[in-house]
Amino acid sequence: MILHTINRSPFGSSCLQSCLDVAAAGSAIILIEDAVYAALPNTQYTDQIAAALGKHKFYALDPDLKARGIHEATLDGIESVDYDGFVALCTEFSKVVSWY
Amino acid sequence: MILHTINRSPFGSSCLQSCLDVAAAGSAIILIEDAVYAALPNTQYTDQIAAALGKHKFYALDPDLKARGIHEATLDGIESVDYDGFVALCTEFSKVVSWY
Amino acid sequence: MIFSLTVYGAPFSNQCSDTAYQFASSLLKQGHSLHRVFFYHDGVYNGSVLATPPQDERNIQASWSQLAQQYDLDLVVCVAAGLRRGMLDETEADRYEQPAHNLASGFTLSGLGQMVEAAMVSDRMITFGA
Amino acid sequence: MIFSLTVYGAPFSNQCSDTAYQFASSLLKQGHSLHRVFFYHDGVYNGSVLATPPQDERNIQASWSQLAQQYDLDLVVCVAAGLRRGMLDETEADRYEQPAHNLASGFTLSGLGQMVEAAMVSDRMITFGA
Amino acid sequence: MTDTEHKKPKPKKLLFLNRRAPYGCSLPREALDAVLMASAFGQQVTLVFLDDGVFQLKKKQDPADIEMKNLSKTFAALEMYGVNEIYVEQASMQKRGLTLAQLLIPAQFIATQELSLMLEQQDQVLSF
Amino acid sequence: MTDTEHKKPKPKKLLFLNRRAPYGCSLPREALDAVLMASAFGQQVTLVFLDDGVFQLKKKQDPADIEMKNLSKTFAALEMYGVNEIYVEQASMQKRGLTLAQLLIPAQFIATQELSLMLEQQDQVLSF
């Protein structure tokens, strides 16, 4: 299965939407850089992400959440990982596809 | 009144949407670079642009339309201008606001 | 009418440098005045004399330098943004003991004050963003 | 496991260079192998030795060069993308009669074949886009 | 009035329109440098945060792990520089689930239509 | 079989995922250079155009007035280089009002779900 990375904010770019459309059930998604804003609760995109949580395992890069001041309250079901965890995920999945 | 410039494709970026939200009635909008794709007929955004044509005068930069092979069929009501026309518009309106 | 332009994108990678250049050429041909072009963010790369595109491709830096000579333009590369990105003139290269400098003729390194001053004295300040 | 990375964004301007660097450091610390980092598009600017950030800020080029020395890395700046953007080593500067060169130690200029080869021999090829 | 004062140009109304999230790209930080400079030049500066730009003012930013400088400190300095006209667009905040209490400096809500009017009243609008 | 052939690594399945419109940014052109190189290296290349990437194949491109090189010519050369696996995502085309007849080279429609499967079957996916 594939690990998808997304690095753009869902509010400004269609990246997340495209990734969600194309990612097969069971593939995982890691939010990095500005894409970590997709992990916020109570936003325009929360319902969509929450729905996708049943189809994909979601991760968010913790250093990016922290930098942006949003690490304390992210959506349930999105797991924080550090750079080591990001690398580990890349080894666990058979391939990495980047959306930017 | 303001002349707004937009240079991003409406399909990938929220630029056009933000500009349409904020631009006052009577202000003009010029589509440049990848934003000229907003001038295409029969797209996801055609209705929205067509509706906005009543509120704003729309222009599209002809060299950018030509480069992308879409100068032959653009939405009615969007006027093509060359770089000289773009400069002229900047003098006719009292201010230029860029969306990118 | 007095124009000033700001350019934020890297040449070749992003079209905004091209558009800004075409816009500048057009306004000058029409007899308007171009007070300053201020290169900021990745726009600073427009001033690299080391840009070496293939012969049959446009050279944006060379086009700017030529336009500057023809119309006596003030092409300013922001010094703070430029230093971070490796855009140096001889003075800055010496000051920071760097092995080379790469700012093309026709461009000058200067501070953000030049951007604010341009906004103050120009009738139209136009941002070419990336 | 054998990794290769591609980096497409300019340093400082876009976070992707930072993320790629942190990712590279982490995978090396974990004992994985990094076959190559290929800098393409605006990523080529990562190799500029002239980058002169303030003392209290990160210097991405210097970080890459240091990592390259520590782990004997292959940091490749695409020569075609680099030439267009003014990234030259001594050989290319001589060839094109340019007044200076700016490629930092630890980086080499080479062709796109290096990107393809990396995709062929690596277990994971990861794009850090801008 | 001295001669020097006579020669001083009238302050201009400059509005900085900030639409980008912090850290992913360096524009927010470069915009802030420009704002401080405009204020130092005695211009009438207005700062507006729209779209992802509102994230620049989120509390509790800590970019130590990504080795960048904290933008928050510079925002805190704005008042000292006499920059008091700071607005966040209301719809942008709502779409992102943000409230004024979550912002690191006092900012005023501005409605989309008010922003339209405000843009018209400026001498120049600088987009970042 | 000669020794040289023994040493040759097996061709890899490389998929190039193109999501950007042409001319506004140089990624499409740089992607194309990489595709030609991968093909020259004897790899199994698949080219997929998704989102604004489908605009790269629009007929009648003429960037003379913006002083850039026409991408169309290089696309026309793909067949000569043996690159035949060229797909445009159907939904992306529809959202943009494009039909296959408007494209400058023969390309096949691919449905979103087929693309999901295709990605899984590759050795590497290179995004542009």
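Structural remarks
Residue numbering begins at 1 within each chain, and the chains themselves are lettered A, B, C, D, E and F in the order written.
Here, contacts are C-beta pairs under 8 Å (C-beta built on N, C-alpha and C of every residue); 3 or more make two chains touch, one makes a residue touch a chain.
Predicted model, so just to flag it, every value in this text is computed and none were measured.
In summary, the chains found to touch both chain A and chain C are B, D, E, F.
Of all chains, the one whose mean C-alpha position sits at the greatest distance from that of chain E is F. Among the remaining chains, A is positioned farthest from chain C, on the basis of C-alpha centroids. Chain D and chain F have Cα centroids lying 25 Å from one another.
Averaged C-alpha coordinates give centres for chain B and chain D that are 38 Å from one another. The geometric centre of chain B is 29 Å away from that of chain F, both derived from CA atoms. Shared contact sites, meaning residues of chain B that touch two or more other chains, fall at 7, 11-12, 14, 33-34, 63, 82, 95-96, 98, 100.
Each of residues 19, 23-26, 51, 66, 68, 123-124, 127 in chain E touches at least two other chains.
The multi-chain contact residues of chain D, meaning those touching 2 or more other chains, are 8, 12-13, 15, 19, 22, 41, 57, 125, 127, 129. Two chains count as a pair here when they touch; such pairs are A-B, A-D, A-E, A-F, B-C, B-E, B-F, C-D, C-E, C-F, D-E, D-F. Contact residues of chain C toward chain B in the complex are 1, 3, 8, 15-16, 19, 22-23, 25-27, 29-30, 32, 124-130.
Put simply, chain F touches chain A in their complex at residues 17, 19, 50-51, 91, 112, 115-117, 119-120, 122-125, 127. If you check the complex, the residues on chain E that touch chain A are 19-25, 51-52, 55, 58-66, 68, 95-97.
Within the complex, the chain F residues that touch chain D are 9, 12, 14, 26-27, 30, 33-34, 37-38, 40-41, 43, 123-124, 126-127. Chain C makes touch with chain F in their complex at residues 12-15, 18-19, 22, 56-58.
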